[in-house]
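Heads up, there are several structures right after this.
Each of the two complexes below includes chain A, the first together with chain B, the second together with chain C.
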Partner chain A sequence: MKLKEMTIYNFMPYKGEQKVSFPQHDTQNVMLLFGDNMRGKTSFLNAMRWGFYGLALGRHLRAIPRINLVNIEAATEGDWSMSIALKFSDGDKGYELRRRVEKKNHVSQPKADADFEESISLRIDGEAKSGDIIENHINQVVPEEISRFFLFDGELLQEYENLLVEGSEQGDKIKKHIEQALGVPALIHGRDEFSGLLKDARRVQANDAKKNIELKRFAEQQNQLEIKLTSSENDLKDLLLQCSDVQMKVDDIDDELKNTEAVQRKKVQLEGLSSERKATESQLLSLEDEQRELLKSAWQDVLYGGVAPLLRDLQARRDSLHNVASEKAVLNSKIQTLQKSLDDPTCPTCKQNIPDENMQPIKDQIDVLKAEEELSIVNPEEIRTLNEKIDKLSKIRSSGEGRRLLHNADKQRKLQVQLIRVDTQLDELEEEIREYDTDHIMRQREKRDRLVKQLARLDGDIETCSGKIGKNTKEQDHIATLISKSAGGQGQKSSIRVNLYQDLESIFSKSIDQLRDSLREEVEHYATAAFSELTTEKTYSGLQINQNYGLSIVDQAGRVLKERSAGAEQIVALSLIDGLNRTARKAGPVVMDTPLGRLDPKHRGNVLKYLPNMAEQVILLVHEGEIDPDRDIESFAERIGVRYRIERISATESRIEKSN
Partner chain B sequence: MDEPSRIGLTTTTGAKLDELLEDLNPDQGVDGVRLIKFDLYRLAVALGVKKEAIPLPLNDKSIPNLRVVELDPDGVLYTSVENSGLVPDGVPIYEFIERLAEQGVQEFYQVYQKTGQLPLDDYFEE
Partner chain C sequence: MTTKSNPLSVLLDVRSKMDTDVEDELIKACYQLQSVHQYDKDRHTMKQMQALVEAVIETNEGDAVL
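Moving on, here comes the complex of A and B:
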């Protein structure tokens, strides 16, 4: 299949009619459509998907309602119609497919899908095809099952990592898509149809057995098992429905939470800052208490500074008075001794009388000493007063209150600065999340946790129920075989039919396994070939596929690499897409939206060199961060057939322009 | 010289002291250390002595609501002021203490009104 032209009318941001021609040259087979984020690259991919299949996909691969597909500007102006016309060829046949929706006449303001009317037309080589077979024609050329791999959203590349996780729900979903693309459903449907036929045949066999006395017991057992099986199957259906319902709710919450991730982070930050504020305030309160406590006795510290020298003077004065008093006592004692000599002039040693001529110097000395003694005046009252003052002033104690108050004030200042900083940050954060109901976000997180637990319970129930069905079926098979082999049942038409369907179901089951194995081998082969072209690490020997089509990198020693970078994941995912594309069909275009997002320049270079060989036509929807129009294009410039650019007209309107 | 047994502040300065205490203390009902009149009164006197202030007599009658034995139970303030060499002749020591307190509290109030805090750096800088 080769795309020729797409005409878009009022689809998403593309207001009015906009036409894009795809490259037709064999080697200049790459089309580049540049567009910044939010300008309409994914809408372009969706336009093509909707044109082919009447389906545009949003997040979680959910269908976007028609009302959201019609360009808002056009709808505001009253034009509620939109259409996509695709021209393409397959072999030597030319196709013109046109899908259109418009508001139903009686609806004034559409609110739901049912308020629109969809029409589709297809011309093959100019000949109009009737509506009921258009879908068949499309599916012959571009089966919807493989659309995931040729209409490819690069932003979903990381989902492919889930294929490596056993039991991952998303991995299971992707695996189903892969098997659909690879044609496994044909066999699965075959097996399921034979299962249905077998079930009917068993019922008929049981009815026949009822008529036979020997087999009546088996017939009864078979009936009971049939009732149990129907009941278990209904339970399983119900559980699967519940599971999908709960999963949808989880997805919705995830979307909501993803949009508010920044808010949640800020909320956590806000809570941290609030705690910091509380702690700072509490520290400040303690410091204020300490400050008041110090102020109570600070007056003593102030006085202490002035009193200390005074106290020293007073103590010196007192000491000096004490000295004078001591000296006076000494003088008195000397005077008394000398006076004694005068009163009794006998030498205390030799007991002889002291001569008169020697008495005069003693008298003179006494006079000198008395004069000295008279000069040493000691006022005991003064000493008492001094003692009292010294006692009182000594009571003034300093515990360094002043120094501690200054230290305290310094700490308070620092904490106040900290408080202002925290308050400013709090104000800013509160302003940033003011519009969000953060409590609601927290409630949603809790709700999500509950739903995930519910999912796990449901998964367990589904497993139990599937086990019951398997066991039941085995028992039914056993009884059917017993009936078939019994004398009464042997050769009966119903028994022959049961045996036949049992064999056919078993053949289909084994075929599914065989086909899966061979497809996996083929995907692994192609993916490894692509990977060796794309990777910059030459020590890798290839890729290894698992039961879920998950790919692991293998080194030259045959060891599986446990950890890989985001870039490596993207290369592996691209290799898988290429492997699947080549396994699923032999020719056709590939449309890739943002495929190079997480790659370094070297890998990007390798991918850009490889992409033109990936399909007959390669349509890349990229932003300039992925491919630099001046630098990156050089390596594959000769392969570019045509370039377009999405120009922004307004927030709700974009235009596709051809660029040089 | 007769010393008064009670001293205080003028009505205006007394009101200022009350206001100051209200600002410096935690709100009513909140736990924490609380300052009382005596605390700031003594601090005002001590700071007056430190800066060797010689305040003028009060321009109004004081309300003598502080008992000297409670304000200065050990006579420490008395002795400090007495030996400061600041007291003019003939002025009873506690009257001079009252003048120092009056002037000191007024200064506390003024600076607090202006800056929202007491200039501890000035008071306690060594």
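Moving on, here comes the complex of A and C:
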């Protein structure tokens, strides 16, 4: 399929009629549409999607209501009509598709989708096709199921990471889309239809068996199993419905929470600041208590400065008096000893009399010692007074209260400044989220958690129910085989039919698994080839695919990289898209909205060099932050067929202009 | 797309490894039908699939009578 031209009328920001021609050249196959954020790049992608499928997608791949698709300026002027006309070719056939909605005549102000009338027309090689088969014609050329791989939003490339998460809801959805792109549905539908036909055939066989006495017992068993199967199938249907209902609720809450993410972050910040405030206040209270305690004895610290030298002097004086008293006692003792020698001049050791000539020096020494002793005056009253003074002054002690009080005051000042800062931030945050019901947001988060748990329970129930169905079907197959092989059933048309459907169902069923394995191998091969061109890290040995088509990077030593950056994620996702496009049976153009957002200049250069080879036509919807018109285009300028730019007319109106 | 990942080739390969009387032609016809309508919004292929199988049963029955 090759796009030729798209004519937009009053679609989203595009007021009035605007025409875009797509490149037709084999090598100059790239179209660039530059546009700043909010100008209408995604709306352009949606215009194409709506033209083909009557569906424009918003977040979570939800349909955007018609009322939001009609250009608001045109609607204000009373023009509630909107249309997209697409010209394209497939093989040698030319297609002209036009989809249009307009307000119903009796409606003055549309409020819902039902207030609009939709019409669609298709001409193939100029021949008009009737309305009821138009969608089938479109699906033959550009199946809606595979559209996410040729009309894709670069911002959603990160979703492909979910393919690596076993059991991820998002991953399962993408896997389903991948298999649709790869042609697996033909086999799945075949298996499912044979399964339905087999069920009918078994019923007929059981009815036939009832007529045979020998087989009556089998027929009865088969009927019982049939009843059980129908009941289990209904249970499964209910569970799947419940699951999808709960998932929708989760998606709704996610949408709501996404819109209030900033508020939630601020609420968390607010809670953090409130805790910080409490802690600061409690610290301040402790410091105030400590301050009060210190002040009780702080006067001592003040006096201590003056008392300490005085006390030291008094203690020195007392020590000196003590020394004098001690010396006086020593002198007294010496005098008494010498006096004894005078009174009794006998040597205490040899008991001989001391000669008189030796007595005079003793008398002289006693005189000297007495003179000394008389000079050593000790007043015990003075010592007592000193002791009393010292005792009193010693009670004035310092525990560094003054220094500690200063330190405490410093701490208090810092905490008070911190408190003011926290209070200011709290005021600002409270002001910012004043209009939001943050309690409601928190309740929604809790509700989401509950719903996710419910989903997990439902998944478990679905698995159990599916298991029951599988077991039941096996038993039915076994009984059908017993009937077919029995004398009464052999050769019966109903048994032949059952055998044939069993075999066909089995062939289609086994083929699905085999086909999936082969497709995964092929996607891995092509994606690895693309990855080696796109990555700047040339030591990586390639990509490894898992059961869900999720791709992991493998390093030189064959190890799977556990963590990868957002940029690497985008490169891997682009490689997967390329692998799918090359493996898919329906090739077509590729329209990419903001595909280079997370890439560094080197990766961007690699991608830009590679993109023109990804498909017959490559339509890139980019902003100048992604592709610098002066710097980046040089490397693939020869591949650019046409360039457009989205010009802002007003906040609600944009115009697509051809640029050089 | 290689033969290994061509759905019809896979179907015929699986069939060849099974002990079955199902003919290749029937598988081809069934796959062709599903392939053409695999992306249809409202598929009504079940009756056509049934008709293909019934035709084979009738033919085999006729052959057996002859």
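To be clear about the criterion, the second predicted complex is superposed on the first by the 515 of 660 C-alpha atoms of A that agree within 3 Å, B and C clash if a C-alpha of one lies under 4 Å from a C-alpha of the other, contacts with A are read in each partner's own complex, and residues count from 1 in each chain.
Simple rule for what comes next: a residue touches a chain if its C-beta (ideal position, glycine included) is under 8 Å from a C-beta of that chain, and two chains touch if they have at least 3 such contacts.
Being a predicted model, the structure only gives us computed values, none of them experimental.
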*Mind working out whether A:203 is in touch with chain B, chain C, both or neither, as first, second, both or neither?*
neither
*When the two structures are overlaid on chain A, which partner does A:129 contact: first (chain B), second (chain C), both, or neither?*
neither
*Thinking of the overlay built on chain A, is A:510 touched by chain B (first), by chain C (second), by both, or by neither?*
second
_For A:609 in the superposed arrangement: first (chain B), second (chain C), both or neither?_
neither
*Examine A:448 and indicate which partner it touches, taking first as chain B and second as chain C; both and neither are also allowed.*
neither
*Figure out whether A:137 sits in contact with chain B (first) or chain C (second), or with both, or with neither.*
neither
*Please name the chain, chain B or chain C, that touches the greater number of residues in chain A.*
C
*Would you check which partner chain A:583 touches, where first means chain B only, second means chain C only, and both and neither mean what they say?*
second
*Complex contact set, residues of chain A against chain B*: 285, 288-290, 292-293, 295-296, 298-303, 305-307, 310, 314, 389, 392-393, 395-396, 401-403, 405-406, 409
*What residues on chain C touch chain A, complex-wise?*
1-2, 4-5, 7, 10-11, 13-15, 18, 20-22, 26-27, 30-31, 34-41, 43, 45-46, 49-50, 53, 56-57, 60-61
_Residues of chain B that touch chain A when the two form their complex_ = 24-26, 32-35, 39-40, 42-43, 45-47, 49-50, 74-80, 83-84, 120-121, 123-126
*Using the touch rule from the top, collect the residues of chain A that touch chain C in their complex.*
135-136, 139-140, 143-146, 180, 182-187, 189-190, 193-194, 196-197, 493, 496-497, 499-501, 503-504, 506-508, 510-511, 514-515, 518-519, 521-522, 583-585
